[in-house]
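Think of it as A, B, C and D in the order they're written, each chain with its own count starting at 1.
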Amino acid sequence: MARVVAPATVVDFDELRRQVQRVNAALGASDLVLLAFGNASAVDREAGVMAIKPSGADYATLRPDDITVVELASGDVVAGSRRPSSDTPTHLALYRAFPAIAAIVHTHSSYATSWAQAEREIPCLGTTHADHFGGSVPVTRRLREEEIATDYEAHTGDVIVERYRVGGLDPMLLPAVLVARHGPFVWGESLQAAFANALALEEVARMALHTEWLRPTPDPIDTRLLRRHFERKHGPAAYYGQLPVPRER
Amino acid sequence: MARVVAPATVVDFDELRRQVQRVNAALGASDLVLLAFGNASAVDREAGVMAIKPSGADYATLRPDDITVVELASGDVVAGSRRPSSDTPTHLALYRAFPAIAAIVHTHSSYATSWAQAEREIPCLGTTHADHFGGSVPVTRRLREEEIATDYEAHTGDVIVERYRVGGLDPMLLPAVLVARHGPFVWGESLQAAFANALALEEVARMALHTEWLRPTPDPIDTRLLRRHFERKHGPAAYYGQLPVPRER
Amino acid sequence: MARVVAPATVVDFDELRRQVQRVNAALGASDLVLLAFGNASAVDREAGVMAIKPSGADYATLRPDDITVVELASGDVVAGSRRPSSDTPTHLALYRAFPAIAAIVHTHSSYATSWAQAEREIPCLGTTHADHFGGSVPVTRRLREEEIATDYEAHTGDVIVERYRVGGLDPMLLPAVLVARHGPFVWGESLQAAFANALALEEVARMALHTEWLRPTPDPIDTRLLRRHFERKHGPAAYYGQLPVPRER
Amino acid sequence: MARVVAPATVVDFDELRRQVQRVNAALGASDLVLLAFGNASAVDREAGVMAIKPSGADYATLRPDDITVVELASGDVVAGSRRPSSDTPTHLALYRAFPAIAAIVHTHSSYATSWAQAEREIPCLGTTHADHFGGSVPVTRRLREEEIATDYEAHTGDVIVERYRVGGLDPMLLPAVLVARHGPFVWGESLQAAFANALALEEVARMALHTEWLRPTPDPIDTRLLRRHFERKHGPAAYYGQLPVPRER
């Protein structure tokens, strides 16, 4: 767990905390979250910090200065008086390992979590999936006994990172993962993108389940169609949306 | 059925009734309840009474003084002019047998009731379940012919208590049960906890159903992971949320 | 189809139309109805008329004087300038055959309609079902070629009535039926009861589907438990709710 | 992709854009659309143009003058400063091939898309389906490698048109199609009709899935019942609704 220390700086990361508060409020109002099962964070890489929802807090009444700011390297709290989400070590592990990601959303959304509980990756069966995820959404291995016993949340981050490293997976091509027996962690190049990916993942998980009922063992989508849809929206050849300029980061 | 008697005391249990009214209103506004299929109660163990929703009442227009107060020992009405929920004898049996519980929520929520109708316990397949229930959610045996014929609601309470006694189950570790062919009864250390457990149970029931579709006969979650998640939120070693002080009771 | 004739009376059935308008508005706002797939009617047996939603009308903007009043015996319009629901002959057939019913609600609600399309009766698998329906919800036979060709809607009513007559079924014990390949018709002793039964039917249909997934070919609920629950709410021995007096009719 | 050119005319198609904006706003507020997965367009055949939602735009904040107007023959933008939906070439192909259609709605609605991903046509299993679609909702073949590589969206339109031509299907009898691995395109004689058909398609897709679970391999609805229901609402013998006059177009 992150240690809570007195802020050692006058910087209070107002804008970052405001953005994180807003996305957490949107998350709490969405169908993705029941009770307090979810949290969103964002990173400021120049400042070397991440801002995250406090543990067990109510989404609707959250104010920007309730958001806790944590140093990326040490995990120490540098702004905010509340204890950060218990999932903080998982978020930190992902920000450290994946330098291109700017924000993370964790939920127990119903269908995505069902795939995680079944320990199955979500195959890409259509263009809705391909618009957001450039292949099957991966699932981690289970945590080992000793990984559960100590630093459980940090080890949760580690098995995610391991899954990408071992599988040679690109976190920007596959901005969502299922933690076995637990649920999804989703990220993106911005808070908006991470939240959109979390919404898309839940819908994709639901449609994949229903597709399997209608056609057991469907073959995955054609690789060219997958790439075409992912690249319509992502990367240098994107032609979806209004702006040929780089997106906010 | 509880007899309705004239209140023999000037105490009118204002605060208890207000709390019970508020949670019943929240219950009626939730997806857990259709029509009048559900009720919440809370106990005041010092005063030896429980407060419960009146029978067949509309959730939205319920006022605190509509809530009926019943003596725990006798089942007699001690405050309120309305007939208590027909499920009152079930609630009484649970409060009497489980001294640690402070509140009970009964619903016919859709997925949990489907498991109850299938007479299957809900296996613990992931951490969402483990965050609230320290093992499979148990199911009672069916009521026998003579148990249905007389004191049906009291016998419903009895088969719940029997299930915990025979199975050596801890009601605080497993604060929800499925009554065979009927639906869930859920409880907790406070009204808020009981309501949260009822919401969690419905989601857990839904995800377990979908998990089974994706992987028939999944093995249950690792015992260590189960205990780790339950103990993150419950008991002396809890580190989830903001407060190291004991919760409201 | 009912002929539209000039009203031959100064009676305009204000109260009846207001009630029917209100329940149709509630129906349109509920999850039971998509687009214009549904209608509610009520009968005034002394006046020998029924009031029903106009065909294809929008639920939200419906006013009481949009409701069409039809003579029970002839099917002639006696009040209202709008064409009555195309399902009017079905409603008329039910009011004529079942003298105890006071109101009818027809929907294409999703799960109930799925059972109707599967041409399967909904077995009683739990107490939620038993609280409203005293046995399996029956399904009609398919309409024959000539029954579809002429007076289709009247014949729809006829196959419902035939199902109850042939099966020796009591319409007040089983206040809902599935028309094969079409959807549910539901009724009751009042508009409120008919609407509540329509809501309960959809939930019961959904839970029965899920129960079958969790336990293929479950046996139906014990007859004594079924009767106990139905009689808790209906008939002379009812003890659910607040009033020992007869319900509004 | 349509080229964006300077408007060569003073006509700005106010009314058409206002209608298209309104239906896109309704679409965005409906359950059919998640994120930006959907768009509606309408044609003005006299003017030889179609109006469509801009690419990636937010439904809720869309104003009429955000709507882009595109020449039917050339695909050139003739009014509006925003890039039209990336699906524009698909819409154009349908308007060119099907002269009777006035509006198109494209969504990734959950159940319809699941059928599209399973590459299965939706059989007509009941009257809800028959009220809108005069037979099975067809599914296209997959796009070939070279069709994906260049002019992907135009080829998506081409495989739809091919499906109707090869199958001898009438686009007004079957105003919806599933693009394999992608999702539904739906149309109608007006924007209202196209939107209603899109809502009906999603419900019909959901009920067909559930019907198959309750009765594997159900036989399709009787042809006479199918025709009766479709013709109650469509064509010269229609008797559903209030108006014997031709509908708005």
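We take it that contacts are C-beta pairs under 8 Å (C-beta built on N, C-alpha and C of every residue); 3 or more make two chains touch, one makes a residue touch a chain.
None of these values were measured; they are calculated from a predicted model.
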{"item": "Subunit B onto subunit C, rotation angle from CA fit, given as a multiple of 5 degrees", "value": "90"}
{"item": "Of all other chains, the one whose Cα centre sits farthest from subunit A", "value": "C"}
{"item": "Copy pair subunit A, subunit D: interface residue numbering same or different (half cut)", "value": "different"}
{"item": "Centre-of-Cα separation between subunit D and subunit C, whole angstrom", "value": "34"}
{"item": "Centre-of-Cα separation between subunit C and subunit A, whole angstrom", "value": "48"}
{"item": "Shared interface positions of subunit D, touching two or more other chains", "value": "213"}
{"item": "For the subunit B and subunit C complex, residues of the former touching the latter", "value": "1, 34-35, 37, 54-57, 82-83, 86, 108, 110-111, 113-120, 142-143, 145, 148-149, 152, 181-183, 209, 212-213"}
{"item": "For the subunit A and subunit D complex, residues of the former touching the latter", "value": "125-128, 131, 196, 199-200, 203, 206-208, 210-211, 213-215, 218, 221-222, 224-225, 228, 232, 239-242"}
